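Lettered A, B, C and D in written order, each chain numbered from 1.
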Amino acid sequence: MRSVHALAAAALLLLPAYDLASAGEPKQGGILRVYHRDSPGSASIHEGATYSINIPFMPVFNNLVIFDQHIAQNSQDTIRPELAESWAWSSDNKKLTFKLRQGVKWHDGKPFTSADVKCTFDMLMGKSQQKFRQNPRKSWYDQVSDVTVNGDYEASFELKRPQPALISLLASGYTPVYPCHVSPAEMRTKPIGTGPFKFVEFKANESIKLTKNPDYFKKGLPHLDGIEFTIIPNRSTAILGFVSGKFDMTFPTEVSIPLLKEVKSQAPNAVCVVEPINVSTNIIVNSSSPPFDNIDIRRALALALDRKAFVQILFEGQADIGGTMLPAPGGLWAMPKEMLESIPGYGPDINANREEARKLMQKAGYGPDKRLAVKVSTRNIPVYRDPAVILIDQIKSIYIDAELDVVDTAQWFPKVARKDYTLGLNLTGNAVDDPDQSFYENYSCGSERNYTNYCNKEIEKLFDQQSAETDVAKRKKLVWEIDKKLQEDVARPIIFHARQGSCWQPYVKGITIMVNSSYNGYRYEDVWMDK
Amino acid sequence: MTTINFDSELRRAGAHSTRGWRRLTFLAQRYLLGTVGLVIMVLFVWMAISADLIARYDPLSVDSAQRLAAPSAAHWMGTDSFGRDVWSRIVHGARISLAVGIGATALGSTLGVIVGLVSGYLSGWVDLLFQRITDILQALPLLVLALVMTAALGPSLPNVIIAIAIPLIPTVARVIRANTLALRELPFVEAAKSIGMSETRIALRHVLPNTLAPLIVLATAQLGSTILTEASLSFLGLGIPEPYPSWGRMLSESAAEYVRTAPWLVIFPGVAISLAVFGTNLFGDALRDILDPRQRG
Amino acid sequence: MFAYIVRRLALMLVTLFGISVIIFVLLRVVPGNIVDILFDAAGFVDPTDKANLEKELGLNLPIYQQYLNWIGGLLHGDLGYSYVSEKPALQEILPRIPITARLAALALLFSASIGIPLGVLSAVHQGSRLDYTLRVVSLSGLSLPSFWLGLLILMASVSMFGSMPIYNPNPKTWTEAFAIYAVPAMAVGFRSAALTMRITRSSMLEILRQDYIRTARAKGASEASVNYRHALKNAILPVITVIGIEAAFLIGGLIVTETVFNIPGVARFLVEALRWRDYPIVQNLVMLIAVVVVVANFTVDMLYAAIDPRIRYGD
Amino acid sequence: MMEAKTEDTVLDVRNLQTVFFTNSGLFRAVDDVSFSVRRGETLAIVGESGCGKSVTALSVMRLVPDPPGRVVGGSVTLEGTDLLSLDEAEMRDIRGNRISMIFQEPMTSLNPVMRIGDQITEVLRLHQEMTAKEAWAKAVEMLRLVRIPEPQRRAHEYPHQLSGGMRQRAMIAMALACRPALLIADEPTTALDVTIQAQILALIVDLQKTLGTGLILITHDLGVVAQTAQRVIVMYAGKKVEEATVEDLFANPKHPYTRGLMASMPAVISFGAKTDARLNEIPGMVPSLTNLPPGCAFAPRCRLAIDRCRAEYPPLQEVDAHHLAACWRATELQGAP
């Protein structure tokens, strides 16, 4: 596995290394067969918050701008034009204007214009007549006051204050442009886009089929005749299907490290990479009621964590330890190692940390004879349950006897919202590797996804300060400081940032797995098959 | 005419072994499969009872240094990806399986007996109502009902036991009802009535004990199937949740990821489930032969 | 006979009505519904969106009202709309029925064609080594968790043939079509074959003790004639009942097998719909399964009457 | 022994021994029993239930269920052939063809899922070269012979559509279809209504006369014996205890057990019950066959028993001409009981 890891690291440095290695004229045709891990709730990317929707439907759409599909690390420098030919910030950094491509047609033949852009973002901001059934990323546009059009081929975003990160949000796979003339309900079942592939059918629990868009505005693309996703929720069956050659590719970023070994042992030719998915596993601590309203106990908890053990057990060493922001080398905003290790609980000497934690516990009145009994609540899904099992084992060392409390998916968020838990094990995914997205969503006062209701007005100010900062180096410094503070406050202790594997058959060319997001790299317009 | 060895024929028929140890060894030979089943069952029950003694490690204790260790003197059945000792988990898993098996069977049988007894004894509209209840429960396949029940009740050990127990009711109720109906007409029940014994007392003192044999046969047969149902629920993600080391989950969760790299994670839970179920089935078969003379071959 | 059928049909309706109430209530007393699941991935539940959505789906109505709406629709052939796909439930369920039906029919065929002959063989040679072997094999068949059996078959097929049967709506070759259905059918059928075998065996043993078997022997009939001409025709009656019961047993087995073999049939759909709390689908699927089971039992009784002259002509 | 083998002899049974191996021990169901039947003769075998009458019949048919039972000694000669030395296929040719048997329970002895006609046809086609059509015609003829009204229609019916008496008639038709040399009727009327009993019995005797068949009539009912049999053997605890002509036996029973049986015979012959009626005049029960006393098996129940009876088993002796009895005090007993 080490070699796969090393390979991934190499790919990271050489960036589009894969293409140089397998250079050659792309062959046309063929249907890319991919298995899908579960049946997405709908086909509407805007109404979803899982890459179960992004992956199969991103090829149907285009964004205004998009992260370069062949540069693994997303950053502002890798943003490329798509439906917009160019973009420009106003001098006060409060207006972002896009010049739109002309002659683009929706899959139903209607022309694409600036009205579609306005419709899409008005709906996202909740301003239009038509409403999404759910709108999970509304907060991305909190700083946008209005979207205006100038003729059919120009659209501008007016901002309340400078927010350089906006362009990154617009470049995410989560931000396709929807047609104005199709209702949100229709988009959930029969999506219409401008993208390289047209939607053919979506049979729930069975398959999703896309076919080549012959009128795609990028001439000569796509190479494939179509993409077929077969929905296989059972991982054993899915992997066996891939190994036996029934699929050209696994569901991206869905192969666990142990499973990767199985794949490698049965299909040695398969190309596999393991990359960070920018999903952090963290502990939500209910600080509004005893015993974790006591900062000492919260600190003890943070000190008791042996993050390396988590990574060792769950990822055979292949996951990253960091703060809120995705650690390097995948992440752009992670604090330096020395800084990280200065945070309580991140220091390398676990025993010393735990000794300190026990002292804190004793201070709070607990000890070997008076142990603290708590429940660790989490969802009944292995990726949630497994780290919880380790957590329970680790906090035994600081006089805490925890019991696992598994919660049905349908009852999880209502339960969390009711504050009906003491410790919870949670996963937080970040679509874009940008502090704005993760700080505001998870730590700002009153945000829906700030489960712990952490609210610190000073930090809140720092959030705004970094968000408005246009100098990247300065912004980084600010971000590090915030991140460190968040960890020290035990706002939501981050345990690790997961990595996942993706595999494809050697003849599949043109796939790049992103290293700092698992939501943005699935346009697949120039994927081809060498067979 | 061929000569006949009377002694060996008689031994085969089980003569000279009317009591004590010889009787037992004879039964063991006569019902060889049943004895094997009994031995397996006793072994598992012993495992469950003395789990704390024979488990060599804490079944929940995680050890990142010892993960995926192959079977060895230190870890007889190796360790899992958390570094937990598989032997200890199997042993404690016996407890869980037994809890599910016996818990669900006992609960299902008790409810079934109540429904069957009341239905068969009281007749009239109560019977009609209870029969409709059994009809309703019987019209849904066991796994479908258990699935809907666990989905509705949420994952936990007692809930899984309840979800598996409810679908067992109709079979038991039917057998008990039929038996009760037959027994009601028998002279000793008539006699009990004539000396003024109360209906409830008759039902409990006379009718119930006489339906015990078929009940035991039925319950043994169901014991194995409850263990399998739990395994199926685990596979569908609705079984007994962590931290309980359930065999079904141990098997279904390692089936994909460790078949080649750590086969002991797949083999031992698989063997444990199959063997336990096999044992109860063998024993149940023999028990049916012994207790239900109609079926005796 | 006619009165009997009418009575049976009436009782069937009562049973189905009871099931509809139970399943409906069961689904709704639990906290959490489709809306929570839809919001799940987003990581939070927006209360106004949730209220809107619940209103849109009619989940805000009083429970009896919801029930009446459902049953009212059902009587008009309107099964409602799937919450998830937003397509008519009928349109979602209907295309899956033939898949599962084909699978179940093959499995039943397999189970009967293996189980009945082996059961007869085992009974006729009661106490022999063959009998022991068959009993042990059938019991071990009943002892394997069905998902495990299915996975073993898949793994064996991958390592032996480098390929595996995975569902494909338009199989290209006959062999593929056969593999797609026959292999999973065997995985389910194996267990029910074991069950059928055991029941055939005990039924045969029971029959072989009957007086008329002795009569047949006294006539000078050969062993084969006694076993097959005289005994089997009688023994098959309880076996038919059992095959009816097995229809229910099979559906349970199919849930697991359809998941393992990734077959988009009715049984797996139920599991998925439960996960999504897609009530219209779950309700209607459970009703469908109940109807199948109830009708299967009814058919078996009728079949019984057709085969057994005592019932056909008797009162 | 009593009579020499003549050409007339259909069946000759010598020293037949049939044992059962059970888990409570060896059980001698038939112990050293000899008898013979002549063409057209009716031999009655009498005794309480469990005395070995039926096992004797099954031993002759070689239908003793094995395990647990086994014929372990003696010979059974039918029309000069030793049945015990035949292999199973040869024996099958005899059964239903040369020897037939009618059982006690007409309700359960016919296959419920086969038409009456088919069941008779089967035996015909097994033993005689016949087309299906011929066999069916013959079956209908047999039904007419046993006086079943509308035989054509009845042949198409199933057993449950016939009354008990009808069914027993059908059984008789089946048994006699191949004109056997010997018919064994094992309590053929016990399960029937009293009014039917006499008819069936008359039918059997009548047909036996017409066809010249030898008949072994197994019964516990001495009234039946008096009406139909020429000779009688009395069995007790697996052994033959007395044998005589009907006249001799009724006039002058020589065994206390036989005398007891006669004394308990009601004036009106009416055993309607399926099980043998309990004999009031004989105290005690039939002894357990696995645990027989060393002397005479009947001694514990016998009012006349002396010490010798308890110590030594009495041999079967010819106490009168053609009259055998196994009792130390046989000669002391004179006249009707």
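By our rule, contacts are C-beta pairs under 8 Å (C-beta built on N, C-alpha and C of every residue); 3 or more make two chains touch, one makes a residue touch a chain.
A quick note: this is a predicted structure, and the numbers were derived from the prediction, not measured.
Counting C-beta pairs in contact across C-D and across B-C shows that the higher total falls to B-C. Located most centrally within the structure is C, per distance between chain CA means and the overall CA mean.
With each centre defined as the average position of its C-alpha atoms, the distance from subunit C to subunit D rounds to 53 Å. Centre-to-centre separation of subunit B and subunit C, using mean CA positions: 23 Å. Note on chain placement: the centre of subunit B and the centre of subunit D lie 50 Å apart, centres being C-alpha means.
Measuring from the averaged C-alpha position of subunit A to that of subunit C gives a distance of 41 Å. Residues of subunit C found to touch two or more other chains are 30, 151, 155, 259, 275. In subunit A, the positions touching at least two other chains are 234, 236, 266, 408, 411.
Residue positions of subunit B touching 2 or more other chains: 151, 154, 255-256, 259.
Contact residues of subunit C toward subunit A in the complex are 30-33, 36-46, 49, 52-53, 56, 82, 84-87, 92, 151, 154-155, 157-159, 162-164, 166, 169, 259-262, 264, 268-269, 272, 275-277. Against subunit C, the residues of subunit D that register as touching in their complex are 61, 63, 89, 92-97, 100-101, 103, 105, 108-114, 122-123, 126-127, 158, 160-161, 171, 174. On the subunit B side of its complex with subunit C, the touching residues are 33, 132-133, 135-136, 138-144, 147-149, 151-154, 224, 228, 231-232, 235-236, 248, 251-252, 255-256, 259, 270, 273-275, 277-278, 281-282, 285, 294-295, 297.
Residues of subunit C touching subunit D in their complex: 210-212, 214-222, 229-230, 233-234, 307-310, 313-314.
Every residue of subunit B that touches subunit A in the complex is listed here, in rising order: 60-62, 64, 67, 81-83, 151, 154-156, 237, 241-243, 253, 255-261.
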